[in-house]
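Please read the structure below before turning to the comments.
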Amino acid sequence: MPIVNIQVTREGSTPERDSVTAEEKAALIKGVSELLRDVLNKPLESTFVVIEEVDTDNWGWGGLPALEYRRKLAAMKETGEG
Amino acid sequence: MPIVNIQVTREGSTPERDSVTAEEKAALIKGVSELLRDVLNKPLESTFVVIEEVDTDNWGWGGLPALEYRRKLAAMKETGEG
Amino acid sequence: MPIVNIQVTREGSTPERDSVTAEEKAALIKGVSELLRDVLNKPLESTFVVIEEVDTDNWGWGGLPALEYRRKLAAMKETGEG
Amino acid sequence: MPIVNIQVTREGSTPERDSVTAEEKAALIKGVSELLRDVLNKPLESTFVVIEEVDTDNWGWGGLPALEYRRKLAAMKETGEG
Amino acid sequence: MPIVNIQVTREGSTPERDSVTAEEKAALIKGVSELLRDVLNKPLESTFVVIEEVDTDNWGWGGLPALEYRRKLAAMKETGEG
Amino acid sequence: MPIVNIQVTREGSTPERDSVTAEEKAALIKGVSELLRDVLNKPLESTFVVIEEVDTDNWGWGGLPALEYRRKLAAMKETGEG
């Protein structure tokens, strides 16, 4: 009876989208439930999955809000410091 | 100083409601705080409770989004496969 | 299909015990599952409960490790500052 | 590679504000990432921070919803029972 | 930069084992990280996975400790009440 | 009344140590509680901190168990691919 909690930023998986779609959520739920069945023999009906979408302002990485850190990483790559 | 986290789907407890009411949330907070006092001698003022409401699209069970799994369970019961 | 996570310090509920007993854990599981059934109409078999026991060194309150904070609170009560 | 999860009530830090500001979130992210670097030698880029804002109705303390408990505490202080 | 938390009971995936093996943990980490890359275009190096093993005494289902609930389910199946 | 959950790998902050020390834990608790006081005006006594230590086998990064990923990163740096 596993519980899987998936936290992702609330944004689209491609530039033209601005959120995770219902199809993508269903694919995550299906994929992770099958993984637990295949690796640990857990029946599908005993696995709970909860997806939490977190605003990019509320997510920190590298000591900065997520979008700011991504811009910094991109700039470092351009200048060859990465 | 217990911390209790309660995750439920964001929906009503009866068909005519579409969300958990403030009264129901207060009843959960009261009930679980009293339970920890009665079972583990924890003073009421040392218990924190956080209720998280999760969209049904973001909740998976049986490898499917929650509402889809419930429909499948209901169909299985009707045909006697449950 | 609620998920309830209960975090408590790893210690006994009375001075002569040094941990939460299996009976106390069973009482927490039963109590919180019944609470969700009574308040939100959730069937018992759709509720998962996870109890996490946390070493007192790993628990902070009032800016201090838990046991140190309790000693401070007790001293404040004695001197009437509480 | 620490993960830090910060749960706070969704409200302002001063009476005239009604939410945590982007600047305050950035200050929390910076502060806690630097703390993990200074105390445990964790590089800034290996720390993830997630801030969750919780509606005051969904937060319980002292067996009551948060705002109700604060009013009770304030009343107890006034009458000298606190 | 997703964070995935997987909670499972501390037990073996087959009768002769009594815990999750390091190989099984590595397979869960690989599988779920690849899933997030395939579904949401998240680079492997931006995903953190944490596996928590929970003692069966500390896991509740159906209002009972996990092992007790499984015995009940097995008994119900035998008598055809399931 | 914030709740802060800090997850770190169970290992020492320097090569000669193999775990987080009680002093380091106390420094994390003090630092993060003061941060919430300074940034959001939260009184020290209203903040709970929970530190979770996670075995390195149970922590995944880059699709690999943590120690394996670190070795890969170190090798990439040496060969100039990083």
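Letters A, B, C, D, E and F name the chains as they come in the text, with residue numbers starting at 1 for each one.
One rule holds for everything that comes next: a contact is a pair of C-beta atoms (placed from the backbone, for glycine too) under 8 Å apart; a residue touches a chain by one contact, two chains touch by 3 or more.
None of these values were measured; they are calculated from a predicted model.
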Number of hops, subunit E to subunit F, where each hop joins two touching chains: 1
Homomeric contact subunit C-subunit F: same or different residue positions, threshold half: different
Chain of greatest Cα-centre distance to subunit A: C
Option reproducing the contacts of A-D, where over half of them reappear, out of E-F, B-F or B-C: E-F
Maximum centroid distance from subunit D, chain identifier (CA atoms): E
Distance from subunit C to subunit A - Cα centre to Cα centre, in angstrom: 31
Distance between the centres, which are taken as Cα means, of subunit F and subunit D, whole angstrom: 19
Touching two or more other chains - residue numbers and ranges from subunit E: 1, 3, 7, 28, 32, 48, 50, 59, 61
Chain pairs that touch, as defined at the top of this document: A-B, A-C, A-D, A-E, B-C, B-D, B-F, C-E, C-F, D-E, D-F, E-F
Subunit A residues within the subunit E interface of the complex: 1-9, 13-14, 20, 24, 27-28, 31-32, 35-36, 38-42, 59, 61, 66
Residue numbers on subunit A that touch subunit B, as the complex places them: 22, 25-26, 28-30, 32-34, 44-45, 47-53
Subunit B contact footprint on subunit F (complex, rising order): 1, 3, 48, 50
Interfacial residue positions of subunit D with respect to subunit B in the complex: 7, 54, 57-65, 68
